[in-house]
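Both of the next two complexes hold chain A, though its partner changes from chain B to chain C.
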Partner chain A sequence: MKYLSEYRDPAMARGLVQRILDTATKRWTLMEVCGGQTHTIVKQGINEVLSNAVEMIHGPGCPVCVTPLVQIDRALHLAARPDVIFTSFGDMLRVPGSECDLLQVKARGGNVRIVYSPLDAVEIARRNPDKEVVFFAVGFETTAPANAMAVWRASELGVENFSVLVSHVTVPPAMVAILEDPGNRVQGFLAAGHVCTVMGWDEYEPLAAKYQVPIVVTGFEPLDILEGIWMAVRQLEDGRHEVENQYVRSVRREGNRPAQDLVSRVFQVVDRGWRGIGTIPGSGLGLRSEFASFDAERKFGLEGISAEESADCHAGDVLKGRLKPFECPAFGGRCTPESPLGAPMVSTEGACAAYYNFSRVQADVPVGVAS
Partner chain B sequence: MITTSLRRSALQQVACPTPAPDSGCVQLGHGSGGKMSARLLRERFLPRFGNKYLDGLGDGARVPVEGVEVVVSTDTFVVSPLEFPGGNIGHLAVHGTVNDVAMMGAVPKYLSAGFVLEEGLGFDVLDRILDAMAEASAACGVEIVTGDTKVVDRGKADGLFVNTTGVGFLSDGFRPAPDLARPGDSVLVTGPLGRHGMAIMAAREGLAFEADIESDTASLVPLVEALRVAVGAGVHCLRDATRGGVASALNEIAQASGVGVALSGDLPVPTAVEAACEMLGLDPLYVANEGVMVALVSPEVEADALAALRAHPVGASATRIGHVVAEHQGMVVLRTGLGGTRVVDMLPGDQLPRIC
Partner chain C sequence: MCLGIPGRIIDRSDDAGLAVGTVDFGGVRREVCLAYVADEVSVGDYVVVHVGFAISKVDEEEAHRTFEVLREMSQLEELEWMADLADAAEGVSS
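The block that comes next holds the complex of A and B.
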């Protein structure tokens, strides 16, 4: 397929793999930030072919994985209300809350709909004036502009029966949290290409300098990921720690200014809880007071809903790279893809689910060590 | 085969149950053809109905009738929209059941058809669907010999639901079955993947994308007959790759036979299907087909099997996608272009579009 197959060419990919293996004089530990990159790495088996040169730690950049339990529970509460049409991106539907997931609420009569664009949710609100339509506004800086646009548009059109349950997170504070963690093992990052398409990369330069880690803005196709890894490994071998841009066909240094402007007009920086990790100061986006009437938490009085995460789930340590999934006591026993305790076991790209599947093929990866 | 395509649940009780993994009621995912479907059958249907014919969970059953082995298979069809590029629910209702009979190695002869019609369904739509069934059954060499119609209130059915049951007859020495795969077998698919599922997605309201994709709905009877004539007992397993796609069909075979399936990275996915899947965050390996089967054949007959399949228009692009191995029993593993591996597991429920 044009503009896609070029970035998946097996011969070129094998060439890059060889270059990485030739360049690395020791085994480096890199983290890919974004869930989309994890998807490609797992799908293509990149971690496996590079295992002598690089250990890839799957980072916290999967919105499905890091949306805090309390926000899932609030979503479940809203979706169960008979006066609400609850709209969401597809893969949030199977994320376990304290007691069930959105698919189960749907089966019991909740009106839950998958949308591909938050603007579709605004349209549903316009077509259903007798219902309250709530959109689950999750994700990183990538989805923030479209979600901001939905609120903006609803405000312009005076769509009063539309609101958003916001759980937006931003990448740089999470990287700081990982780097400041006493047990941190990450030596370099592949930054999320689409986040940087929106935000540019200048906010990563102070991080690279302060923590002396290479950061390579990287795309999502196999050749992108391999080139990003190669660039990071080269920096590590040279003793450099710079921000480099692999994803030149999409990312400019300053990012997408109109998108940034829209996001800052609708959202402001807030503290945000991350599932399994806890609250990271300044790591989230919340609605500005001018748009408070579109805030589902206020509109439906959800502040009182709280949630306790399972003590058995060590997703936070996994997402920070401190713990390998199979080192978690619940892994493969009490926690499996069919019955997940935490979000990384939910999607096939989640770090825990990826290891769970992989371990069934590779005998040297243990399963369920202490379950 | 017991069909679990339940598209709606009528339970109005709105409350979260405990514990989470068992919802206490039917969910759409129970109709996905994935792990939830399998669990539903294993826990609720088989304990009550189980017998030596049903327990294999094949595409149909081979039952003795006055000393002759006859194949019976039933399937229920629910699709929205009723009409889509490449066909309508009438084509599916004939091809789906006829194909299930064929997967058991039989030549289908008779069909029953039971209809649930929704009050308000236009006669123009109904006529087109019935025309499609008449044409398709004539082309497949089957007759619809008995039937039933029921009408329900507006809002109680999605226009029209239809169940068909097929009866077919076997030839000597040809009994493909899901548990007959052996290490070394070649894994073949008979056509390009993912067309039906993506044609339906593109035709659905609310998805603002247009794609030039037609459903592949087709009878597989001529292909099975061609294989039988060309290589006979060299055919070990046949499975039509309907809901859950090629991935689910191969997982079922791997589990039933206690073998592993190793796929090469080279899968026949049409560009338009690949593009639509990329946009929507879906994996073509799990997308439904209605005119593609997987065939597991002895390696020594692979060339003859492919030649026989390719001689027919429906099988013109038949190709090998992998082979059976003794390792990783019960699992399907894909070797990527890079030389890495990826587990192609059965999905828990429906495939959900990814955010990122």
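The block that comes next holds the complex of A and C.
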């Protein structure tokens, strides 16, 4: 497929790997923020072939993984209501809540439907005026314009039986939280290409300057990632800390302005809890008061639902790069993709599932013995 | 989750005030919302699509340039190696 398969050429990848190995005079520590990149890095073994030059830490870049337990429990509560059609992206269905997941609620008769686009959820609401249709609005800045459009559209068309359960997160505050952490080891970042397609990269420049870290906006295909790593390593070797753009075919400095405009008309910045990490100030988006009638939390009075995260799951340490997934005592034993204890084992973009499915490193480690 | 896939716009239309279109992803066709790229795209352009929304127009010139840079970078090792061989050969003959 054009603009896809050519960025997977193995011969070119080998050349780039050699470049990176030749460029690095020491072992640098980089973090990729996006779960899609984590998936590719671990699946293609990029972290392993480059291990002499870079250590890749897999950041909190999977919105499925960081959606707080309390929001999952609220989703489960709504999905079980007989008057509700609960709509969601497919990857949220197996995220474990306190007691079960959306798939189990569906099996017990809950009306849970997977949608491809949030606009499909609005359409379902128009076709089912006697039901309440709720959409689980999760995601990073990449997904916010789509979810904002769904709310905007429902408001324009007067679709009153539509609402959203919002759990939006934004990347830069999470990067700050990582950089401010006393145990931080990250020396440079690959910033997520599609987040920056929407937002541009202006907001990363103060971060690169303040914390003296290179930030390279990077695409998702293996060659994109290798070039992004190479650009970051070269900056580190030169003692530079700039924002560079590897993913020029999609990302412009200013991002997508029409998308940013609608997002800021519908959403406002709020504090948000991240599963396994805790609350990060100003790291989320919530509905503006003009759109309060589309807020499922208000509509169904869900504020009272609270949840306690399991102490067995070390997702927070994994997401911050303090632990490799296979260093978690539950990894591969009590926690597997078939029966996940925490969210990073659920989504294929989660670091734990990526290591479980693809990594050869884990074979050297006595997995799950401590559990 | 932030997956975005490039595809080519086949046609454009309007759905009650919303710019939409059909996008072809290597043979698979989907209805896509074009509202966020409406001013800059026409039929035949490539766009990056995420959850049913085009979020950018693929800059074909930049795509080409990146690819050439990548190709050069990945081949340089080979070229240097060949240059070394050539030098050696010259050394022998002179």
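We take it that the second predicted complex is superposed on the first by the 359 of 371 C-alpha atoms of A that agree within 3 Å, B and C clash if a C-alpha of one lies under 4 Å from a C-alpha of the other, contacts with A are read in each partner's own complex, and residues count from 1 in each chain.
Everything below uses one rule, namely that a contact is a pair of C-beta atoms (placed from the backbone, for glycine too) under 8 Å apart; a residue touches a chain by one contact, two chains touch by 3 or more.
Note that this is a predicted model, so its numbers are computed, not measured.
J.: Now for A:Gly15: first (chain B), second (chain C), both, or neither, which partner does it touch?
T.: A:Gly15 sits against chain C, while chain B stays out of touch.
J.: Identify the partner contact of A:Ser339: answer first if only chain B is touched, second if only chain C is, both if each is, neither if none is.
T.: After superposition on chain A, A:Ser339 lies in contact with chain B alone.
J.: Determine, under the contact definition given at the top, whether A:Glu48 touches first (chain B), second (chain C), both, or neither.
T.: Once the two structures are laid over each other on A, A:Glu48 reaches chain B alone.
J.: Regarding the shared-chain residue A:Val134, is it in contact with chain B (first), chain C (second), both, or neither?
T.: In the superposition, A:Val134 contacts neither chain B nor chain C.
J.: Who does A:Pro258 touch here: chain B (first), chain C (second), both, or neither?
T.: Second partner only, chain C.
J.: Quick one: classify A:Gly35 as touching chain B (first), chain C (second), both or neither.
T.: It touches chain B and chain C both.
J.: Now for A:Thr143: first (chain B), second (chain C), both, or neither, which partner does it touch?
T.: In the superposed model, A:Thr143 contacts both chain B and chain C.
J.: In the overlay, answer first, second, both or neither for which of chain B and chain C A:Ala125 touches.
T.: neither
J.: Tell me the contact category for A:Cys100 with respect to chain B and chain C: first, second, both or neither.
T.: After superposition on chain A, A:Cys100 lies in contact with chain B alone.
J.: Do chain B and chain C touch any of the same residues on chain A, and if so, which?
T.: In chain A, positions 1, 4, 13-14, 34-36, 61-64, 89, 91, 116, 120, 138-140, 142-143, 194, 347, 349 sit in both the chain B and chain C interfaces.
J.: Could you pull out which chain A residues touch chain B in their complex?
T.: It is residues 1, 4, 8, 10, 13-14, 17, 34-36, 39, 42-49, 61-64, 76, 80-82, 89-94, 96-97, 99-101, 103-110, 114-116, 120, 138-140, 142-143, 194, 222, 337-339, 347-349, 357-358, 360-361 of chain A that touch chain B.
J.: Report the residues of chain B in contact with chain A in the complex, numbered from low to high.
T.: Within the complex, chain B touches chain A at residues 9, 11-21, 23, 25-29, 35, 206-208, 265, 271, 274-275, 278, 280-281, 328, 331, 333, 335-343, 345, 348-349, 352-356.
J.: Using the touch rule from the top, collect the residues of chain A that touch chain C in their complex.
T.: Interface residues on chain A, with respect to chain C: 1-4, 6-7, 11-16, 18-19, 34-36, 61-64, 89, 91, 116-120, 138-140, 142-143, 145-146, 149, 153, 156-157, 192-195, 197-198, 220, 223, 227, 230, 246, 248-252, 256, 258-259, 262, 347, 349.
J.: Of all residues in chain C, which touch chain A in the complex?
T.: 1-6, 8, 16-18, 25-26, 30, 33, 35-39, 46, 48, 50-53, 55-56, 58-60, 62-63, 65-67, 69-71, 73-78
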